[in-house]
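Presented sequentially are two complexes of chain A, the first with chain B as partner and the second with chain C.
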Partner chain A sequence: MQKLVQEIKSIFANHDDFFIQEEHFKQTAIFLIGFNTMIDFTHSNLYIRQMAKMSASVNELFTNLSDQLDVDLEQIIKAILDGKLVLLSECNRNALLVPISRKLSRSIDEPKNESIIQGPLNAFGEDIDINLGMIRKWLGTERLCHCSHQIGQLTKRRISMLYIKGKAPIALIEKVDRLLKQIESDIVTIDDLNKHFGQHKFNPISYLFSTEIPIQAIDSLKKNRVVLFLDNYPCALVFPHLFLDMLTTVNDRNFPIGLSLLIRALRGLGALATLILPALYVALTSVNPDVLKIDLALFISKSREGIPLTPIVETLTMVVLVDLIIEAILRLPKSVGPTITMVGGIILGQAMVDAKLVSNLLVIVVTAMLIANSSVVGVQNSLYIRALKYPILILASVYGILGLFTGLTFVCIYLASLTSCDIAYMTFRIEGKGDTI
Partner chain B sequence: MKINSYVRIIVALISLILLSGCWDIKEIDKRNFPLIIGISKENKEEYKVSLHIPTSEKGGKMSRTVSQKGTNVSSILGQLRTNIEDAVYYKQVRLIIIQNKLANDKEDLSELIKFLMKSKELPSIALIAITEENIEKMFSNINGKHFSHTTSIIDYFYKGADWAPEISTTRIWEVYRSLFSYTKDIAIPVVNSGKDTILNYEGAAILKNGKITEKINPSENQFVILFKNHNANGIIENLGNASIMVTNSSLKIKPSMLTSEPIVSSNLSLKIDILERKEGVTNDQIQSKLEKQFKKQFYDMLDKAQKNKTDIFGFGQHFRNQIPFHELKNWREEYYPNLKVNFQVHVIIE
Partner chain C sequence: MTQRLQIGLVFITMSMGFGFLQYPNLIFKITKTGHFVVVLSYGLLQMFLMIIYKKGLNYFPKQDIIDIYLKMGRWVAFIFLIPYVLNLTALVAMSLRQHAENIGSIFLSRTPDWSILILLLFISTFTAIKGLGTILRSSFFIFFIVNFLVLFVVISSIVNVDFKNALPAYPSSLDFLTKKDFFYLMGFSSILFLGFVPPETKLKFGQLFAEWTYVIFFYLAVVYLPLFIFGQETVVTFHFPAKDAVDSVDINWFIFNQQTIFFGMSMVGLTILLNAVLLWIIGQIIRKLFNWQRNKPSYWICAFSLIAFIFAVSVPNLAWIEKLSLWSAGVHAYFIVIIPFTIFIYGVIANRGMTGYENK
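Moving on, here comes the complex of A and B:
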């Protein structure tokens, strides 16, 4: 017996938070083994003592405490790593006990990155079981299928795949299942997962749409898609990611149909405005002023009076600065953020115009673009739309209005060419395989 | 191999920027947009071209005038481009004013119209007008008015049909077309600088194959426009004991040919609003007086036009499919003097 204890001890020799506590029960020594960073030892010990009082023998105690008895060394080591309490007795018996653990995950919270108007406020957290539980609770049907994978080389990470049987296409389910099984390396980020799903290195559009909101995930399930959960990742990953995710959320439908259509049209307009506005400014001020109505041309000409920078340099400066500000605000601590934003806003808006570095009109255009950009759903979507405006801007500065439309056409062609698992990105809805169970 | 292809793409993109010529693009504030071009003839050989260019200075003058003399218009436009500080783009020209002396000369005028039409720089949709004054004086009069802004002269012509039914807006391509047309003559507005307003509308000059045959006054011109647009909205008519405004109108023209004698029956129905009337004047009186007055005005004009052999109403257009093509060139000489028009007016008081 001592041999087994010594072996475990030597495996965890480099762990200072590892403990082996010796207890005596009816003249038999029992070893309690585990990590004290994961186990609330005092309370767990108290619980075992209370159980011991009620049990007649060591054997009885073990059966009372746990149903995982007499397992091999490998399983013991895994159980220790998972934060379980292992009991070893002198007479070669062991038990894996689910102890009173330290609180290492947060409870159900409100969504942080997606704001909800009129809708349930629960958001996914880091604990995968809680996330799955939420889905189970809200979608109480036996057709909801769940299959779980352990993936990774160094650490095994849990990935759960959810789908509704009879809705999601079988080909899709099988393909995702196969892809997940093939993964051998560690999955740390969404991008790692994307790579395994076959994403090209320079493709800015993720194959997975992450959402924090349970009803959004449930809605995706109902629309014949597959939802993945990664442990310690507080989002559901909807596969495949479609273009319409940028324009619609399930919460829109809490409004009357007319209003929800209006909201969605505005989001589309916002995406388009982000792509077009800066390019249009450059095209109209430098290459094709002759398409303007004369009053407008004179007005623009007046607003650009005395500005030394060329429109493209001017616009690039402003657009890059604005993107920098957004990036900076995300990184800054919440207490400093507003101050920096305010100062930055004043300097960019007022001082740059007063110093005649950029024109009034450009400030208006860039602000409009920035606000329009924020109207689309999902942070990753607004980010890639922001990235796609640069090629259009460059083309517009070279070829004017013609370049703008060429750029826009190329963006459309590119988006239309994207597929994930043979489902086009521009698809409006995924055909289910029919409503058979 | 893979790196190689990226390098190729980058080189292609860089050369795209270099080859496209975007380094010598002129920004909008480095361009000049002349809005009005005035063309006059000083003596037999010499043309004078004046440009009316809006400036974007804050305060001070809103526009400036630049003039140049030379032997022909295209070379003057080229010289102006050389002499003006910024790049000059003639694409935004909205109005071309031709001085009376030049307009009266048939050959010079047709040559000028042909040039204006064929020049790639000048837009063929620019309006055309004739003035009896010195063009530079006219431009300085526009600048001198404290209420005028850069585009007020454009606004003057683009008021819209209902607001100024007398002003005809004639474009270069229409004048060019009328140079070669057998069946239609065209009216060009005549303007002079006004005392209190930037321009004063004097009526229209009727152009027949590039030659000015007669001048008509504004109230006559509204008839010409009525037959051109089939619409007389906004006309205000003084009947002596009442005055009315036309609120809605429709004109139907039906041409017919009786053994080489063309007959047109045209029905004009008007909806009118009575603006003011003297005591005791009944609706019936107004109706019959208006009908009579419209008919009289029309027949007076038609008589005059038929004597001049100038088809100002464009009746010939309606017979183009009834007269053989080789005969069409005789429209003005043979058919038009014999034209009978049965003009009916129906007035409805709202």
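Moving on, here comes the complex of A and C:
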């Protein structure tokens, strides 16, 4: 027995939080083994002592404590790593028991990145079992299927796949299952997962739509899609990601149909405005001022009077600056964020106009674009829309209105060309029978 | 179902793309009175060809026209389809050059044509390489944007309309049917595209009628708009009557100087989609005709769009382009007649042989 204990000890020699505690029970030595960063040892030990009082022999104690008895060394090591408490006795018996563990995950919280108006406020957390439990609780049907995988090279990470039987196309389920089984490397980020799903390196649009809100995930399940959960990741990953995810959320339907359609139309308009507003400014000031009515053209040229920068440089400066500010605000602590935003926005904008670096009109255009951009659903969606405005801007600076329109057409065509697992990004809904174009 | 709808939208958009610039001009050359009779007789004739073509295709339920020609024999396929590929390349080149010239004159009067040509051709080639799925899905958006623009242009032009300009309403004779220009007119049609789409989603007759009716209404609008505004005597002298008609409109409250930019934008959408489809058809034909190992359609599409580009750039001036585009439309008209009939006749023969065999 001592040999086994020594072996385990040597394996975990470099772990300072590893413990082996020797206890005596009816003249038999018992070793308690585990990590004290994961196990609440005092309470666990107390529990074992109480159980020991009620048991007649060591064998009975072990059976009372656990149903995983007499396993091999490999399983013991895995159990220790998983945060279980291992009991070894002198008489060559062992047991793995689930101890009173330290609280390492947060409880159910409100969503942080998605704001909800009139809807349930629960959000997914890091613990995969709690997330799955939430879905099970809200979608109590036997048709909800759950299929779990352990993937990774260095650490095994749990990935769970959920779908509703008879709704999600069978071809899709099989394909996702096969792709998950094929993964051999570690999955750390969503991008790793995306690459395994076949995403091109320079494609800005993720194959997985992540949402924090359980009812959004449930709605996706009901709309014939597959939902993935990754261990220690506080979002549900909806596969495949569709264009309409940018414009619709399930919470819209808490409003009357007319209002929800209005909200969705506004989001579409927001995305469109982000793409074309800066480009339109450049096109109308530098290439095609002649298409405007004469008094409007004069007004625009008057607002640009005395500005040394060319329209494209001026616009690029402002647009890049605004993108920088957004990126900086995300990293700032919540307490200083609003102050810096206000000071930065107002003082910077005013100072730039006063210094005649940019025109008044451009400040209006860029602010409108920025606010419009935030109307779309999902942080990743608003990010890629923001990225796609740059090519249109460049095209508009060369070809004017023509460049703007071709750029917009090109974005449409590009989005239409994207597919994930043979399901097009521009599809409006996924047919249950696998008819997907 | 949705795919059928998308194919219908591509069909309409292609027909609009073919006829938007050239079509009114040809009609005004053909007749002095009763223009609608010409449009309608053109529509009927096309409809007749469409029915023949559709009947022919229905004999081979699981094949597109390249498969059917290959079934007739490899050499037959080469004889019919290789000239067709060359004709399509010429069509791409000429229509792009013409559109680039027009779009340039609307938006960028000082920019050289080749730069606009590169822009348009690049997007068309990209779309063609991405395949039919992309074309169909993007057609949905392009159709709605373009039709919205066209509708706006047509409605806003009503301020200048004078209905007396279209009188007399009936034609004096029907001898326009024998004119050479009427034959050129036949070249503006996209019916051959219907034979290249995947067989399981072929359009139904009813849907085809509805779509063709839409196209005919569009053609009537683009013919009558300049006619109502300028009258027959003036309109004959224009190169592109529709553009000039739109150019004449001036709305006080509108922020833009002229409505021509909307006309130009709609032309951009139409020409991109039209040429993408034509290039895609070229890629399909070559891929199926040659059984080489590394025979990717994308290489062929790139090669042919490069040829089209060189061809389009090397044409010296507008008079030449008009002449050449009429010729290519003429050749296209020849194919529009000959391909449906060969498919239909072969279908009848093959079907008879099959039933004869089954009866034995």
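Basically, the second predicted complex is superposed on the first by the 433 of 437 C-alpha atoms of A that agree within 3 Å, B and C clash if a C-alpha of one lies under 4 Å from a C-alpha of the other, contacts with A are read in each partner's own complex, and residues count from 1 in each chain.
Operating definition for what follows: a contact is a pair of C-beta atoms (placed from the backbone, for glycine too) under 8 Å apart; a residue touches a chain by one contact, two chains touch by 3 or more.
No experiment lies behind these values; they were computed from the predicted model shown.
Colleague: Would you mind checking whether chain B and chain C clash or fit side by side on chain A after the superposition?
Modeller: These partners fit in the superposed model.
Colleague: In the superposed arrangement, which partner chain does A:I401 touch: chain B (first), chain C (second), both, or neither?
Modeller: Second partner only, chain C.
Colleague: Would you sort A:K302 into first (chain B), second (chain C), both or neither based on which partner it touches?
Modeller: first
Colleague: When the two structures are overlaid on chain A, which partner does A:T310 contact: first (chain B), second (chain C), both, or neither?
Modeller: Only chain B is touched by A:T310; chain C is not.
Colleague: Which of the two partners, first being chain B and second being chain C, lies in contact with A:F25: first, second, both, or neither?
Modeller: In the superposition, A:F25 contacts neither chain B nor chain C.
Colleague: Between the centres of chain B and chain C, viewed from chain A's Cα centre, what angle do you get? Round it to the nearest 10 degrees, please.
Modeller: One gets 40 degrees for this angle.
Colleague: In the overlay, answer first, second, both or neither for which of chain B and chain C A:V287 touches.
Modeller: Both chain B and chain C are touched by A:V287.
Colleague: Once the shared chain is lined up, is A:Y390 touching chain B (first), chain C (second), both, or neither of them?
Modeller: neither
Colleague: Which holds for A:F255: it touches chain B only (first), chain C only (second), both, or neither?
Modeller: neither
Colleague: Between chain B and chain C, report the minimum C-alpha distance in the superposition, expressed in whole angstrom.
Modeller: Minimum over all C-alpha pairs: 6 Å.
Colleague: Overlap of the chain B and chain C footprints on chain A, residue-wise?
Modeller: Touching chain B in the first complex and chain C in the second, residues 287, 290, 294, 399 of chain A appear in both lists.
Colleague: Which part of chain A faces chain B closely enough to touch in the complex?
Modeller: 284-287, 289-290, 294-295, 297-298, 300-302, 304-307, 310-311, 394, 397-399
Colleague: For chain B, which residues count as touching chain A in their complex?
Modeller: It comes out as residues 16-17, 20, 22, 25-29, 31, 33, 35, 54, 56-58, 89, 91-92, 94, 150-151, 154.
Colleague: Quick check on the complex: what are the chain A residues that touch chain C?
Modeller: 287-288, 290-294, 296, 395, 399-403, 405-406, 409-410, 412-413, 416-417, 419, 424, 426, 428, 437
Colleague: With touch defined as at the start, can you tell me which chain C residues reach chain A in the complex?
Modeller: 2-3, 6, 103, 107-108, 111, 115-116, 119-120, 123, 126-127, 130, 133-134, 136-138, 140-142, 254-258, 261, 264-265, 268-269, 272
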